[in-house]
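Handing you this structure, nothing more for now.
In this document, chain identifiers A, B, C and D correspond to the written order of the chains, with residue numbering beginning at 1 in each.
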Amino acid sequence: MHGIRKVYPGVIAVDGVDLDLLPGEIHALVGENGAGKSTLANIAFGAVKPDGGTVEAAGTVGLVHQHFELVGRLRVWHNIMLGREPRKGTVVDVDRARSRVAELAERNGLAIDPDALVEELPIGVQQRVELLRELEREPSVLLLDEPTAALAPAEIATLFATVVQLAKRGTAILVVTHKLQEVIDYTTRVSVMRHGKIVARYETADTSVDEIARAMVGGELPQVAQREPTGAAPCFAARDVSAASDTTTVSGLSFEVHAGEIVGIAGVEGNGQTALADAIAGMIPYTGSIELDGDSTALRHRNNIGIVPQDRHHEGLVLNWSIVENAILGRQNLPGIRKGALTDWRAARADAAAIVERFDVRAASLDVAVKMLSGGNQQKLLVGRALIGDPRFVLAYQPTRGIDVGAAALVQSRLIEARNRGSAILLISFELDEILAIADRVLVMYRGKITGSFTGSEIDRGKIGRLMAGLS
Amino acid sequence: MKVVLRLLAGPAGALLLAFVLAAVAMLIAGVNPVDGFSALIRGSLGGRRPIAETLVQTTALLFPALGISLAFRAGLFNIGAEGQLLMGGLFAGAVGAHLAGPSWLTVAALLLLGMLGGGIWGGIAGWLRARFNASEIISTLMLNFIALSLAGYLVAGPLKSPLASGAETAPLLPNNWLPAFPTIGSLSFGDTRLTISILIAIATAIVLRFVFTRTVFGYELRAAGEAPEAARRSGINMPRMTLIALSLSGAVAGLGGAAIVTGVLHRFNTSLSPGYGYTAIAVALVGDLNPLWVCVAALGFGILEAGGLMMQADAGVPKDAIRVIEGLIILVLAARRYFATRASSAPI
Amino acid sequence: MSTGVSLMLTLAFLTLIKSVPIVYAALGGVISERAGVVNIGLEGMMTAGAFSAVVFTNLTGSPIVGLIAGIFFGAFLGFILGFAATFFKVDQIVAGVGINLVALGGAAYGLVLIFNQPGASPQVNQLAPEQLLPQITVGETALIVLGLLCAFGLNWFIYRTPWGLRVQACGENPRAVTDAGLDPLRLRLYSVIASGALAGLGGAFLSICEVNLYSDGMTAGRGFIALAAVIFGRWTPWGATGAAVFFGFFEALQYVLQGRISWLPSDAMQALPYLAALFAIAGLVGRVRAPAADGVPY
Amino acid sequence: GRHNAGAARPGQLALGMVTDVGGLGDKSFNDSAYRGLVNAQNSLGANIQVLQSRSASDYQPNLTALSEKHLDMIYAIGFLMNKDLDQISKQYPQQHYAIIDAVVDDPNVVSATFKEEDGSFLAGALAALVSKSHHIAFLGGQDIPLLRKFEVGYIAGAHQIDPATKVDVKWVGSFEDVAAGQELANVLFNGGADIVYAAAGKAGIGAIDAVKTRQNAFVIGVDSDQDSMAPGKILTSMVKHVDVAVFDIAQAIQQKKALKGHLIFGLKDNGVGLTDFKYTSAVIGRSNIERVDAIRQDIISGKITPPSTPQGLVTWKPVKL
């Protein structure tokens, strides 16, 4: 790629980038949210036309999108084999397709049920489908846009084992990621993007996480805020909650979150986190009770609570709406926003500006449609909305998914600051590091039950890890 | 030259294409396109009376189009405006034949009754969707046919005018007629069919726009339409929103029916509408579901409808050829977004 | 034969006959919507099929040629809608409304231009009018069987063949289809053409098989009913066929019942199929969902 | 344009016509009126113009458009136009109008109505005489008061011959749906009726189609002479001579004759009546034809008064002759 340039209204997304991918190399592309990585990857793939520059590729190019391009209502095998269906006469040879997928999954260490309906799969598993789809095509250039954002650590290891294998066979690979440790562990070269330009390029062997991070943010990383002691007033309580969502169930969960406390739910994805979150949000029926300050209707009425949903595109944002409009979604009836029957757009705009400012959401203006924002900036907006106005209770599902290291530190700081001001925060995350970094108390979830609880000095990475794996 | 090209690729090109196609249709009909178009313009804009007729047609399309916009904005595909219009007209006509009292009061009551009739009809679909998750596309469509049967039965039987030999209600008492359009300076519309219903329609559009953009209800309604899952998760009661949105949508269309009955026909019969409720779908979409643009779109269609009559009368274009021309223009209008994007990205 | 038995037979045959045109159009709706194009123009495509079938039968004397013409002109309107919806990215619903106007107006005007008589065409040769059973002609039987074959074939096509699976993907997420190296626009275009062909065939059944002339308004909203049948049948070929038969049955039922229940006015009887549909969808609990990208230009 | 011959020459009779929403091609009164107009064009040298209406709100602008042209006579075809014509005729007091099937009481309006029940009575009597199964049927287009006149006249006529004659009644619900007309006629025939009186506009063509392949079954046509559409299978047609009314009025205008305000067309002046059994006289038989003719005379003489509404039918009794 030479001299690639792409201009969107109000932003220069990619600004004169040169990038060569060599056969057999694993090239990391890192950068802040909105730096232009996805745009560059999409240009390389051919999905976006550049305004300038040339792209040349020897052979085929494959792209793993972070916002997957899957067909939800079709089965896994079909998604993977789309366009290359094995045939038996004029009909699709389903058995062959199925076994082909099973074998592919097996070979790459990505467990999958070829017959599952994609839309019923949790996001992490959908990620595997998206990946397998590209692997099946064996492109000579493979572009991976944040492939690990929704994967568990064990899966990340197997994924990269596959990627390394592919590279060994001569595939040129580009990985966009925000997890810098992956960069160090698996890649050969790394390019750092800032404001649409490549600002640094290293041989991975010659660099470090710190150096890359500094190049990314153009300075030092922000420090994560300090936790301050708070009084332990009970605030949120779940008692004997059982519920079932599409994919997971929980039974007999009981726990509390105190005001001024962050409780982290540690667990491998698919162990009931979705059902728990949906039950708390009142999206699915449940038995037992869920109360906020003794009131079981408060959650349903969305008074004074903040929620970061799991799927930002479908559950969190109205993609065609502006930042201002999105900033008050779920808060439209709060006294400050609602004036009689009317929406106080001035207040909404002030809130939006505050979110953008405090969470460093990078956008051309407050009035752009959020679909124009980069994925990480959309996520920051979502977290900012959940935290603005210091809600009494916050439910944060993977709040830093797809956010760059600098911004992740910022988001974590904001969570801790909210805690310090007395919010009760329930953090659901598949990244143990994140939980260990900011939670006051850790609950381990395994197969729909809480199998362990650790507070303060009891928190022990090893024990938690074992419980997460179902060992005792 | 470049400017001309750019204009051609843009909306002007779309319009030009529409006119060329219409001209071809006229030539096939054996009509000189110059005569045809001049009749179209004369019949729609060529003077006080034609303008009044254009606005009468505009009004007839505007109410259902606004109702449809409201439902579509909430993500509900209401194709039942035709039935809702009919029910609104039926309610107004059934009562209007007998209601006595001060004119402003009875007229207002009849308009409200029309809203009630249409609202019930929309509300049934809303309830079915909210309660049973029944597709509103099916139910609103079915309710169109049911409305026609019901109205047909009532005007041939229980509501039949003792005077009329046909299937219609007794004429409305004159105190139940919508007042004529006010005189502007020396311009009086007293002898035309133009009533204040056009003003009511425009006011409805303005109110709708205000509701959409300024009220919390409008915000929730749009959220429900744009991103239902996100809306549900933000605490919006979706079944309730469905019921309210379809009822309101029907009420606006029903108001249109009542406006035709109290303003134009002064009685109810089942040939009240030549399919306004269906054409209004196109009007609403061409107006981007934005109430003010819908007004503009309705005016455009009103010009076609009113001008179409004159094309028949003066240029001898048969009414079916006029329908073809309307269809062609709708097709081309539908493509205007394509032309618009082409224009903005066309290299100069 | 006792009256009861003959009534049942009448009802059964009438159900079949009244269902056929709706079945064809509904199958057309299924294929088009599965590919992501909402086809509000079914009514117009049926009209085009009905009218052109009569014109060409009149021209050539052969109802088979008429039938083929009906299919062809239905497909032609399908092409227009498909082309507009894919390459011009028009709003499919607006385009469908436009197509309906053009077809209805065009056929009405065509009657004047071609036959020099408004309202209805002269009578033409009917497709295989020999009576097979008291109720049903050979031609009708043939097209009933063909309709079933079409349902069977479409089901097979959509769920079993690679192209069918791709069409499904097109209606769900055309970007995934692009990423797979295929052209979703083309797939959509072909699907809508097929949709028009089927609707045209349904229209031709009305005009040259069930009767033997075209009359203005003879499709009488069946294209819209077909649209409802598509949704009712949850966008599946057999579902849509079943829904079409459901409508056909209640239409037949009202024919048979009219006049037998003296206190019910005929208007109430005529509303029967629609009332039945209302009750049926209310009872159809569960999620009814359109293909994800249905109606969304790509 | 086909219907619009351009401006009339000075001295030429200028006639205009506004159809109702059924429009030209309805095989019913719009078509029949149009025939009358064309007759006037051919034999009176008139200049004619036709405007078709798409909805009830088109009637007024259409009538206005023609009124602005100062024609010698403007015909409003159909009862649905009565209110609008009442209004327009007051606005244009110099203009002459005629309305079909409704009565508008204005000095410049001629109203023409028909005694459909009388003609239908004859049709019913004939059907009862010819029916082997003593079971006949009526197939209506839309259930509206005008069509009820056909229905009750027909039933009364049948009962005049034989009160035990069974008369089934079904309605298509539309004047357009030919296929539905055909299937309903089939249902009626299969239900045991051997004669169907099809008063259903275009949908009636379906009934004529249904009878073609049946043995010993007949249809009675309506409005126009439909006998030749299926020779031998159409017992007769109950014609309603709207064309005669239209033509007569035109002729009177041309001859500057004064016209009565309300013209009622009945059996006497052949405003309504049966066709001449050209293809079916053998099936019907001389004696039956004579009996029907006798009844016709009785109606003309006032001995028999056919009912015209469902209420009237309830109290109506066959007349002892």
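Here is the rule we use: a contact is a pair of C-beta atoms (placed from the backbone, for glycine too) under 8 Å apart; a residue touches a chain by one contact, two chains touch by 3 or more.
All of these numbers come straight from a predicted model, not from anything done at the bench.
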Remotest chain, chain C as reference, centres from CA atoms: A
Top chain pair, ranked by how many C-beta pairs fall in contact: B-C
Gap in Å, rounded to a whole number, between the CA centres of chain C and chain A: 46
Separation of chain C from chain D, taking each centre as the mean of its C-alpha atoms, in whole Å: 34
Centre-to-centre distance between chain D and chain A (centres being mean Cα positions), rounded to whole Å: 76
Set of chain D residues in contact with two or more other chains: 2, 23, 143, 173
Where chain C touches two or more other chains at once, by residue number: 108, 112, 265, 267, 270
In contact (per the touch rule at the top): chain pairs: A-B, A-C, B-C, B-D, C-D
Of all residues in chain B, those that touch chain D in their complex: 29-31, 49, 53, 56, 60, 149, 152-153, 156, 160, 164-168, 171, 191, 193, 260, 264-267, 269, 271-274, 276, 306, 309-310, 312-319
Sites on chain A touched by chain C in the complex: 47, 63, 69-74, 78-79, 82-85, 87, 90-92
Chain B contact footprint on chain C (complex, rising order): 80, 84, 88-91, 93-95, 97-106, 108-109, 112-113, 221, 224-225, 227-228, 231-232, 265, 267-268, 270-271, 273-275, 277-278, 281-288
Touching residues on chain B, where the partner in the complex is chain A: 214-217, 219-220, 223, 226-227, 229-235
Footprint of chain D on chain C - complex, ascending: 3, 6-7, 10, 14, 17-18, 108, 111-112, 117-120, 123, 129, 131, 134-135, 206, 210-213, 215-218, 220, 251-252, 255-256, 258-259, 265-267, 270
